[in-house]
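Below you'll find a set of structures to go through.
Two complexes, one shared chain (chain A), two partners (chain B, chain C).
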Partner chain A sequence: MIAAFFERLNETQGLNFSVFYDAFDASRFLTGLWTTSYICVVSILASLALGLAGVWVAGGGSRLGRLVVRGYVQFFRNTPPLVQLSFFYFAVGGLLPRVSDGFGGLSPPVSGTGWAIIAFSLFAGAFNVEIFRAGIEAVPATTVEAAESLGYTRLQLYIHVVLPLAFRICLPALNNNLVNLVKTTTLAYAIGVPELLYAASQIWSESFNVREMMNVLLVTYVLLVGVLVLVMGRWEKAMRIPGYTT
Partner chain B sequence: MKRLAILALTCAATVAASLAALPAFAQDSLAKIKEKGVLSVGVKNDYKPWGFLEPSGKIVGLEIDLAQAVADKIGVKLEMLPVIAANRMEFLKQGRIDMVIATMGDTADRRKIIGMVEPNYYAGATNVLAPKSVGLKSWTDLKGRKVCAVQGAYYNRRVTQMYAPELVVFPSVPDALNALQGNNCAAFLFDDTLIVSTLSGGDAKWAGYEMPLVSEDPQLWAIGIRLEDMTGPFGTLVKEMSIDWHKSGKLLELETKWGIKQSPYLIETNKKLKAAS
Partner chain C sequence: MLLPYRAPAPSAPSGLATPVLLGGGTLAAFAILFGASLALAQVTARPAGESAVTVLLRWAPLIFQGFLFNILISFLSMALGTVVGVLAGVAQVSLVAPLRKSAWAVTQFFRNAPWLVLLFYAMFLLPFEFRIFGLTIAFPAWVKAIIGLALPVAANVSEIVRGGIRSIPSGQWESAEALAFTRRQTMWMIILPQAFKRMIPPWMNLYAILTMATTLISVVGIQDGLTITRAALVAESRPELMIPMYLLLLLMFFAYCYPIARATLALERRFNVKA
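After this line comes the complex of A and B, so read on.
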């Protein structure tokens, strides 16, 4: 039904939405959608973990730890993600030892998709460290002192008092950063990772339907980001304490 | 729900607006080019020696010489815009360039979109560049293996469907070659003309590489112009020049000048046209 409609649209109007009727193009686009979603989910989780770990170390007693986190944040926040990606894929990837590729030959141990996930996680993680720091610093010092006087250890203090409050404060900023991360995944195109932009450009360079594919791509990203925003919005609402934050 | 409806409407409006923006052009391109005093040509700048960057940053090569010849004939300045396979036809359709001469294969699908000038000025075929250590013997050896390629090339689809390699496609030739040298792929799928000239270039970094397969799917290269120019004065002029390049042996001379082995297609066309006159 849908395929027939789009095939007719192509014949009568010259609007070639090949992804909806050409099985080969459709499978490429779905692979792209899957790869993008996969990179997004893994990078989001890894960047959150990095952010939490970073802010934990930065707030700790170790001078060296603080310096390392500072260096990490400055480096990944102040260089373009595309440069980081190329650096990892072409420079770092070339230095790593080779592993068997299953055909008797040797190939690098990390694939393009792997490097994309690593680069994007580190990039977004650097911002997350700062976002969490802002949230933690906004927790009233008196609350922290009260908890300390009750005998909480540092870990307990974080888990039961600081983080629950800090999380609520930094959710809007976190939201922003994660939406950005989803959009940044298109850069993986530059190292041949079969994500959405890559799939779309493959299709339009063969079927010459740039305008149609651009629109499909835009709508797909609106939907992808929409899902993320919806989830984050729900979470924000569920965590709201009346009278604490807006 | 209301918010969703607004979102959907905004999307629909964007789609409609960009689909409606069909380009419209005046008919006589030759007069327009003369009036502007500039011939804009889409060329390759990463395809040695057809179109590549000199150390000084200037774009030179066999195709650049041809583009210059057309500009000289019309009596205007030549302006070159580096293009890649994925954007050259769109640039031409949008009117950003008047002509494409960028190692472009002449296919039936592309002929629906843009005009291909005959006689074709060159011919290539599909092959791969691979490290000798990979030991490829036939096209079927590519099955399931990572193969680097360049975005927008006409053979990507055919090779994927016939031999099922895992294609890793890059925006440009240098990216793909870098990836090949970093062992990110077992082979680099490309036009045999470029592979031959890369291997015969004497560069030490290609010493361990070979072109192991039998070239497939021979493909003519064409100068591209807009469809409406095909019957117009500009199309006629380019077509006449193309005949002359073959007949006078200019193309064969250019091959020698740029260190390319004389190709059977050019020798044959040269003979055919000479015999016909």
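After this line comes the complex of A and C, so read on.
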């Protein structure tokens, strides 16, 4: 029924929403949506892990470790993500030796999607380090001291006392950063990863329906971000510490 | 030893020393990386070819010009985005419900859409020229790019303005009302001057983000720093130069954006009103 409606819309009004009635375009669009979601989920998880690792090293005793984390954060925060992605994909990826792909040919060891995930994880991870640091700093010193006096080791202290509190404090900022990460995934278009924007551009260059596809694309991204915001908002509410935050 | 991450003890404002040292350190690490990659390029180069340094020096001025074009684009989009964004932000706290709600909806829409998609939007859907009363106004690609980048900037400025206005205690509004100021007078003479100060740090932050986002215009075919870097690499076809070339471009952006980030932090600290 939906397909019939959009087909008629195309015939009568000339509004060609081919993704809604053409099976081939629909499958391409869905593949793009799948790739985007895949990049998002993997990068979100990897960037969270990087953020935690970074903040762990930054809080540790090693002076060198602290400097390295600081340099990493400043570097990734103050350079354009698109140039970072190009650097990884063209420069680093281009210099890596080819490996046999099992079909008798040679292929790069890391695919475009792989480089996109690496670049976005490093980019968002740099922000996550700062976010977690702010969250950990906001944990009351008395709480930490109390746990210390009870003989917690540093790792136990982190797992049982600091992180559960810090995590709740930094959820809103984390939320923002993850939304930003979802929006950053469109940059993968520049290195030819078949994500949402790429799929849409393929469709509009064949069907000449730039205007319609552009709007479908915008609405899709706003929905995608909307879902993330909704889920994170629910989670934020569920994890709220009574009487702790406004 | 038990060493949880602790906030450093509140220190006196350290002036310029710390940020300069920190930036210098990162920059030095950067330079070492750059030098190492250049040396590597030099070693791995074909013996007959030019030295990597010569090639790099030949292209550096052109890449720098491209980078300056990025800066120019960032100024213009920021100016356009700020003007539109301030209007939208003030509309977001308007008492007229339809105006307030539509400003909110537009702000949320453009804030949540990816920058690259909005850039495509402007590039493909704006005409390349306008005709008004027989007068033809050309609309070249770079102007469209400025508009495309200004869209998300405007939405973010709108949120900054709304947040700034909301951060002023309601007592200010009430006392202004008690002194028989009209709403417009209250806004222009009492609320905005106070809110302005608090909006500067996030506004600067947004500017740094925009500057980094200007490289997106290379995706839609405008000759910016990134496009020129790629063209240079294609022209030389020396794969060992790729890492130093890209690092050079990253270095330019870092040298420009890092001071802005530090200044933002310093201002934030200065304007921070501890309750």
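Assume the second predicted complex is superposed on the first by the 244 of 246 C-alpha atoms of A that agree within 3 Å, B and C clash if a C-alpha of one lies under 4 Å from a C-alpha of the other, contacts with A are read in each partner's own complex, and residues count from 1 in each chain.
Rule of thumb we're sticking to: contacts are C-beta pairs under 8 Å (C-beta built on N, C-alpha and C of every residue); 3 or more make two chains touch, one makes a residue touch a chain.
Computed from a predicted structure; not experimentally measured.
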{"item": "Touching partner for A:Leu163 - first (chain B), second (chain C), both, neither", "value": "neither"}
{"item": "First (chain B), second (chain C), both or neither touched by A:Val83", "value": "second"}
{"item": "Touching partner for A:Pro108 - first (chain B), second (chain C), both, neither", "value": "first"}
{"item": "Touching partner for A:Val179 - first (chain B), second (chain C), both, neither", "value": "second"}
{"item": "Touching partner for A:Gly226 - first (chain B), second (chain C), both, neither", "value": "both"}
{"item": "Chain B versus chain C as contact partner of A:Tyr189, first or second or both or neither", "value": "both"}
{"item": "Which of chain B and chain C A:Phe208 touches, first, second, both or neither", "value": "first"}
{"item": "Greater chain A contact set [chain C / chain B]", "value": "C"}
{"item": "Chain B versus chain C as contact partner of A:Phe24, first or second or both or neither", "value": "first"}
{"item": "Touched partner set for A:Tyr198, first chain B, second chain C, both or neither", "value": "first"}
{"item": "Where chain A meets both chain C and chain B, residue numbers", "value": "90, 94, 189-190, 201, 210-211, 214, 218, 222, 226"}
{"item": "List of chain C residues in touch with chain A within their complex", "value": "1-7, 22-23, 25-26, 29-30, 109, 112-118, 120-121, 124-125, 208, 211-216, 218-219, 226, 230, 233, 239-240, 242-243, 245-247, 249-250, 253-254, 257-258, 261"}
{"item": "Residues on chain A engaged by chain B in the complex (per definition of touch)", "value": "15, 24, 89-90, 93-94, 98, 101, 103, 105-108, 112, 189-192, 198, 201-202, 204-208, 210-212, 214-215, 218-219, 222, 226"}
{"item": "Of chain B, residues touching chain A in the complex", "value": "7, 11, 14-15, 18-19, 85-86, 89-90, 109-110, 112-113, 133-134, 144-146, 148, 151-152, 154, 156-157, 161, 168-171, 175-176, 178-179, 182-184, 186"}
{"item": "Of chain A, residues touching chain C in the complex", "value": "55, 58-61, 67, 70-71, 74-75, 77-84, 86-87, 90-92, 94-95, 133, 136-137, 141, 144, 148, 152-154, 157-158, 162, 179, 182-187, 189-190, 197, 201, 210-211, 214, 217-218, 221-222, 225-226, 229"}
